[in-house]
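In the two complexes that follow, chain A is the common piece, with chain B as its partner first and chain C second.
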Partner chain A sequence: MMVDVSAIAAAMPYLLEGLWFTVQITLVGVTGGIVFGSLLAVARLSKNPMVSALATAYVNLMRSIPLILVIFWVFFLVPWAIGWLTQSGRPIAVGASLTIFVTFVLFEAAYYAEIVRAGFRSISPGQYSACEALGLSKFHAYIYILFPQAIRNVLPILLTQTIVLFQDTSLVYVISATDLLGAATKVAQRDGRLVEMYLTVGVIYFVLCYAASQFVKQLQGRLAHGAR
Partner chain B sequence: MSLLFEATPDGAGRYLDWIVSGLGWTLSLALGAWTIALVVGTLIGVARTLPNGILPRFGRVYVETFRNIPLLVQMFFWYFVLPELLPVRVGMAIKQMDPPWGSFVPALICLGLFTAARIAEQVRAGVQALPRGQIQAASALGFGWAGMYRMILLPQAFRIILPTLTNEFMTIFKNTSVALTIGLVELTATAREINENTFRTFEAFGVVTIVYLVIALIAWQIMYRIERAVQLPALAGGGARP
Partner chain C sequence: MIEISHVSKSYGSFQVLKGCSASIARGEVVVICGPSGSGKSTLIKTVNGLETIDSGEINVGGFRLAPGVTNVAALRRSVGMVFQSFELFPHLTVLSNVTIAQTKVLKRSRAAAEEKARSLLTRVGLSAHITKHPAQLSGGQQQRVAIARALALDPEVMLFDEPTSALDPEMVNEVLDVMTGLARQGMTMICVTHEMGFARNVANRVLFMDGGEIVETAEAAKFFDVPKSDRAKAFLAKILKH
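After this line comes the complex of A and B, so read on.
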């Protein structure tokens, strides 16, 4: 069968709108995920057994179930949670975007937590002792001394996880959101152009992810070189 | 959890039967795709470590293609796009496969080849982590390329990468849920169907979440035992030592 290029060109503005939403989910997921994930990582290192057990349980739970299942959970739970918070006594309907942002922060935080924790473990124990000897508070020790080194050590893995996150955003398809793949699906079904639309989004994802992964590879080389 | 023992609307059984059927499809898909992924992934991984020729380049193209396109887009490719690109008669035959095979077969191929790219990278890393002396000693002993990989390099490489393979083994179970987008009623889709029939969201999704947790625990146990069983004293601790 022939591929109709004009159909792709006509759909491009709509696809780019979808891509913008994909980028938004990624940005929120990365920012919120790293912040919440770092808190989880610090909690897992805590001397309080309750705190570390809770953080460990959360991370293991999230890492054991599929993202699609988490999307469904949040999709059903967020209206209840907001209804409860506002004490209206019944679920409140919320937009799909809020649901999606919450999902990706909650889910990706578990994966970022493991990476940041590996970063903390790569720092020599002397750094922790030195912070104590200098009389730094726990908070200042983490913010100024430990966290920057931990992040630097695992930067390539953090970025690779972010590429995975970017690809995972396509799963919001299951609640009919209009990300890049969602936009393509809507055009494909309206115009009967499945082949053109799915091949186009495949190429777009490939170009972006390949470029990003090549960048990470270069950065990895440069960091390894700087460390010598 | 009384929900499990209530009759389904079609009157044919209880909701528990739906869960068992969904679990069956999830397990079949995961284990089938895992087999494909191990075979294809090992071949591609070996190809990437060969010194020269067209094979390493083909291996790189394979890995980059399958790793840089989201699984869901690949799923749609095998399900929607491929039958249109093939000759009309073949395409029609694929589209007319009886359910659930019409979605199971594309999902199996998709998940198998997708995971193969990830396993290939691990196999390559495992082979490259071995000391050069292993290849030189094997050549000196008169091994050809095939024998060298089969009897010297791969058995050691697989022991090195077993922990990361364990991760991949658990990932493939979770990734089977993507097959619900092309109509396979696996575990997650079962939860959604029960919810749509009963509106008992917490029970429906709660049961399925617990089932996934149990699978993860069992998969981890299996891999842990394999790891212990095949460990070599010289390699214990994961890396090669002089």
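After this line comes the complex of A and C, so read on.
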């Protein structure tokens, strides 16, 4: 079988469009996931047993079900839920992109929460005492003192999780969204170019993820040697 | 200035403080000493509410601390604390370490906070290091930054919890010098320390603790020359042996 390079070239603009959506999902997932995940981490460390139990339950639930199931849930159930909440009597379409963004934030937050929580636990208890002794409010202590240190301590793991997230975005094909893999699948089926398309996106995923993981490796070295 | 009355505290079934009472006047320098595990650190941490108390009461410049009192923000603004392991904020520069509480707690302007920080860092002999991070400083330098950080809030009382115990011997004096200077300027100070030279020469009084009790309170010179209790005699015999 021959690989037709011209078919790859012809499909490239469409693949890049798909890649752009993949990048968008990743960016939204990382940003939203870290923000929501950090709140979950703080909640899990809370002295209030209700707050910490709720956050723990959420994290455990999300980490115990496959991402693909969460995508289905949000895609099929949320329209019904919104329809019911607004009493319109019928499901309200949410749209694939919004579904995907919401899903990835909700799902990835559970993973980021555990990483950030490990970051908080790596800070010496004396830092908490120092914040208290200086009269810093809990909010100020977390924002200016504890969170920056927590993130710094787990930065390589956060970035590695983000690479995993980047790859997991390919699951959105189940609701026919056009991410990088979705775009490749559509071209492959339309033009009968399965080999060309899946090889091409394989190379793109590999190059991007390998480059990113090398970057993380370097950063890890710098953090380990650099001043703490 | 500080009135500690009948303060008790337990961790589970272990009673770490047993009815401690002490009174400290404005401008007085008091050293708390005693064998390890005697409750010294716990007692000093009750004074700014870092450790809660089970019974008794503490008054600091009009602020009343008792079991159940949780809003201690006002108290902490007037009490500075220096820790054994410095606890500088490693991700901030020396200057930011000294300004952060000024701008966030006292709502000072950035310019005013930096001016205050610079003058304090000059006072502790570190004006050349303000842009560095804590990890680039020696232990003694870090502890002097920590003193400046606490002083930046203009506290009425300074608490020192074994400020030189984590230092290499050659760095102990630079920290004690700063503390001595502070004492001479009339700061009210409570110091948990094993530096008996500092206790004898700088402190007005010594509180000797053992087994969670304040066993003896005496003028510094008297405590060393003519300790009253047998436990204090035994303690001094051990630490002054060499």
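Methods note: the second predicted complex is superposed on the first by the 220 of 228 C-alpha atoms of A that agree within 3 Å, B and C clash if a C-alpha of one lies under 4 Å from a C-alpha of the other, contacts with A are read in each partner's own complex, and residues count from 1 in each chain.
As a working rule, a contact is a pair of C-beta atoms (placed from the backbone, for glycine too) under 8 Å apart; a residue touches a chain by one contact, two chains touch by 3 or more.
Computed from a predicted structure; not experimentally measured.
The superposed arrangement places chain B and chain C next to each other on chain A without a clash. In the superposition on chain A, A:210 makes contact with chain B only, not with chain C.
Judged by the touch definition given at the top, the superposed model places A:149 against chain C, while chain B stays out of reach.
Once chain A of one complex is fitted onto chain A of the other, the partner contacts of A:223 are absent, as it touches neither chain B nor chain C. In the superposed model, A:16 makes contact with neither chain B nor chain C. Taking chain A as the reference, the larger set of touched residues comes from B, when chain B and chain C are compared.
Closest CA pair between chain B and chain C after superposition: 26 Å apart. No residue of chain A is contacted both by chain B in one complex and by chain C in the other.
On chain C, the positions that touch chain A within their shared complex are 48-50, 73, 76-77, 79-81, 83, 85, 87-91, 100-101, 104-105, 133, 135-136, 149-150, 153. On chain A, the positions that touch chain B within their shared complex are 1, 61, 64-69, 72-73, 76, 167-168, 170-171, 173-174, 181, 194-195, 198-199, 201-202, 205-206, 209-210, 213.
Within the complex formed with chain C, the chain A residues making contact are 124, 126-127, 129-130, 132-137, 140, 144-145, 148-149, 152, 227-228. Partner chain A is touched in their complex by these residues of chain B: 64-65, 67-74, 76-77, 80-81, 84-85, 170, 174-178, 180-181, 188, 191-192, 195, 201, 205, 208-209, 212-213, 216-217.
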